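Let me begin by handing over the structure; questions about it come next.
Every chain is named by a letter (A, B, C and D) in the order it is written, and numbering of its residues begins at 1.
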Amino acid sequence: MTLTEFDPTRLEADVVFLCQEAGFAMTHARELTKRSKVIDLSADFRLKDKETFAKFYKMAHSDPELPSVYGLPELVDRDLIADANLVSNPGCYPTASLLGLVPLVAAGLVTGAVVIDAKSGVSGAGRSRKETEYLFSELDGGFRAYAVTGHRHAPEIAQMAGCTIRFTPHLLPIPRGIHATIYAPAASAPDLAELYRDFYRHSPFVRFVDTPPNTKQVAGSNRCDIWATFDQDSGYIVVCSVIDNLVKGAAGQAIQNLNLILGFPETSGLPTNGVWP
Amino acid sequence: MTLTEFDPTRLEADVVFLCQEAGFAMTHARELTKRSKVIDLSADFRLKDKETFAKFYKMAHSDPELPSVYGLPELVDRDLIADANLVSNPGCYPTASLLGLVPLVAAGLVTGAVVIDAKSGVSGAGRSRKETEYLFSELDGGFRAYAVTGHRHAPEIAQMAGCTIRFTPHLLPIPRGIHATIYAPAASAPDLAELYRDFYRHSPFVRFVDTPPNTKQVAGSNRCDIWATFDQDSGYIVVCSVIDNLVKGAAGQAIQNLNLILGFPETSGLPTNGVWP
Amino acid sequence: MTLTEFDPTRLEADVVFLCQEAGFAMTHARELTKRSKVIDLSADFRLKDKETFAKFYKMAHSDPELPSVYGLPELVDRDLIADANLVSNPGCYPTASLLGLVPLVAAGLVTGAVVIDAKSGVSGAGRSRKETEYLFSELDGGFRAYAVTGHRHAPEIAQMAGCTIRFTPHLLPIPRGIHATIYAPAASAPDLAELYRDFYRHSPFVRFVDTPPNTKQVAGSNRCDIWATFDQDSGYIVVCSVIDNLVKGAAGQAIQNLNLILGFPETSGLPTNGVWP
Amino acid sequence: MTLTEFDPTRLEADVVFLCQEAGFAMTHARELTKRSKVIDLSADFRLKDKETFAKFYKMAHSDPELPSVYGLPELVDRDLIADANLVSNPGCYPTASLLGLVPLVAAGLVTGAVVIDAKSGVSGAGRSRKETEYLFSELDGGFRAYAVTGHRHAPEIAQMAGCTIRFTPHLLPIPRGIHATIYAPAASAPDLAELYRDFYRHSPFVRFVDTPPNTKQVAGSNRCDIWATFDQDSGYIVVCSVIDNLVKGAAGQAIQNLNLILGFPETSGLPTNGVWP
């Protein structure tokens, strides 16, 4: 195979993956979808409200009318993804948060603003971020919150969950893994294990587990492990949801989406077991 | 100095520190306070409600009437500590949580159940815990919640804060440090920097900082660094509070209490600066 | 499949893996080899000199005459392994050390006692070691040598390399990975890349690389990456050899040996690529 | 105090510390020593052979005749340092290596080229190094050698030890700490504990310990802990020497040198105890 310069008017492929900075996909997706299915891993088509997009990504959207489907197969009709010309693939925080939260919203249990206290491994920042704060000695042995007053993933989570959220990301001194601790105000709760297991009965990568999961147990896999309990005294349902941000954080569901588009089994090419330790 | 067997009826000292398992202090404190001031670092006298104590510590209290003062100088009248015969010294999670939360409660801002999402370094478990789960290879590179359905420090925090709380501890893959992220429902909020700085104007170890603090910046010190913001959209005041659990987590305020009892400056023998990195 | 009690006189299997403490294999291997091929991952048959065995493992050998083949396919005639009734499978330090050192010895380059400065991730100690020294907080952020005056793997390495060695193990604050830095006294050296690449031309898991390898680059794989240089001024050939002790440290070559015995491709079921980061 | 631009012709101070890149001290030291004592923490005056300097630092020396004293008080006549106008302060690898090696050389025990296998925490690279390879996710959980074919500290160690050395640095996934494992060929060895304790009887920061030291046990202190043994079989004396590179790696002995110059006790302002864990 020969690498050639990118030319959207001549590119021939069944499926095209776009993995570029914000602004790239909105410029080229319309042309590419004439001949190919497109799976976009950037944020360009994730937010339906283009004013919110402009505010959080500091640019106007150049193709706001192009139709797209949000590519999280566990929460979106898989047929819609299979038939879409443009799939907008979610990233790490929304995946871990939404897989933990949406079953509660769908069951009508949530009565107020939801707290999502999220913790991410450092690879979530990307390998090109070379500021002092990402150097080994600055991070090892420490822990802190960041972007508390506004993170780009907050409106995306709110949009897809359909409820008000308070989203706080933190930086874990580990290379990979996301842990979202979700606090959903609720008046009561049914059997949560049953609720989650039923909700994800057709989703091979999501598992409701018996004890609060460790990010390590899904490392290297496309799995999302979830555990939940209802704290009657405080009136919060507490959910712990973990993924490996380098797999189920974006690349993994991109492969799931590819499998759906091409009619392959959804698990093709994707590991279901983590590596320990 | 010669080490002798412990005999509370003959021990001669101005101040006695007790650092034993639950059940020890309640057995010996009454006798010891006849001749000495006692600073107890165990949980025996922290909970006023002895039924709650029995439930969480699995033992009846043998001396429920003995008076004691909760030894967190930043939140308790320092004269009470100076004059007390028995000081009940708080531990790590309550210290980080209460220093972050109490100023909001005192200002009448909190309108509902407060979420405390707390993260602790591994030394918080103590050095004698040799279960598999505390081995290096089990913890390094991972993160998880634990004791989600009930932790001994939850009723202590609720008692001292005077409000309902939802407390979730997590285990950080670092040796030392605690980070409490606190979500207090509120209708509105004043200037939080001003509120905290005023509240702690006489407390040399507590500092309101300009950005979310890193646990590393207080490592090795007796400091508590706090940052807060009000998220109007969700209606939560978000507070980040960090301490080094091996200093301000118990031993540090024990020295503060000693200083108050003996009339020394409160900062005597206590480091105010952390070690970086 | 039903788990039944271990009975060597009735066990029916093409190949039996033994993964027990020292003393077990020597007791049962003779009986088992009557009906099965046996791959033993313990040390029982690694040392030819039974006095050395007795000294380092604190027990007399109960079956010193039973023939066995040392199961490191890269350094032993693969036909011998394929035909053996009992394969004595090497462990982590000898694998990393021997793969780095033997090509130099075979080429007649080594002129004196070889220094092997080895560093291992903590999982090398095993999961059942629950002494204080293996707790997270004791190891994270530190580094030390251990067993400097005598480690069980030293005589095994010397026996297989056929030269005098000085072996010093150290404990790395990482879960998995071994790095052996080898210093072989030599009067001169040929092109080392060529020497190693030729030596391992039939060994798909060993690779001579262009820069000193990182243990991370082989994590999760059965690979051994090697780099070497000759320091003319000091008269030492310096070799860096890395493996993942949890794969190529024992289990990986056990599968290689199984593949050889059963006539499968040597790489069957074994990952050749590591996971990063 | 007011910060002013650096002007060596007008600077008035008893002692001046220089902490700049190579090339700075050689330009300004002569002028500065007219009015002040100078302690230079750069490499400019460490190498006596200016051709070696030019080779390793890629620049000609502009003031090769200016006299200086090597500022490692444990190995240099303290009166020379106290009286010097210019003290050339050593860095991290030479300090850990020389303190471990020189007593053996001084005792006439070393019979050949010495192997120094050194391991450093990441802060040794400095905080301004923002290449990808120093990012957290690249380093955490891994270990590798670097600069194997030539490191700037090798000629400095050889010069001060007075013997041929083979120096190999490695990068440890920890923020601070250096561990040098030294292999000195020797025909025989006396009681090494006695030899080292006698050698350092006037050096309060160097301690011969009973077991191989952990870098953590000296973290935050100006100490160097050393342990050694003679391996008769291989003919190497093995020495383990640890320091905290952020204290005894340069800044600590700079303060020691200041104390000697000003007539203060050598330990003034320097911590002798490490922080654990």
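Criterion: a residue touches a chain if its C-beta (ideal position, glycine included) is under 8 Å from a C-beta of that chain, and two chains touch if they have at least 3 such contacts.
Every value quoted in this text rests on a predicted model; they were computed, and no experiment measured them.
Shared contact partners of subunit B and subunit C, listed by label, are A, D.
Two chain pairs are in question, B-D and A-D; the one with more C-beta pairs in contact is A-D.
Look at where the CA atoms of subunit A average out and do the same for subunit B: the two points lie 36 Å apart.
Centre-to-centre separation of subunit B and subunit D, using mean CA positions: 41 Å. With centres taken as mean Cα positions, subunit D sits 49 Å from subunit A. Annotation for subunit D: residues touching 2 or more other chains are 123, 137-138, 140-141, 173-176, 277. By the touch criterion stated above, subunit B contacts subunit C in their complex at residues 121-123, 127, 129-132, 134-141, 173-176. Subunit B makes touch with subunit A in their complex at residues 113, 115, 117, 119, 137-138, 140-146, 148-149, 164-166, 168, 170, 172-177, 179, 181, 183, 212-217, 219, 229, 231, 233-236, 238, 240, 242, 277. Those residues of subunit B lying in contact with subunit D across their complex are 123, 140-141, 175-176, 220, 275, 277.
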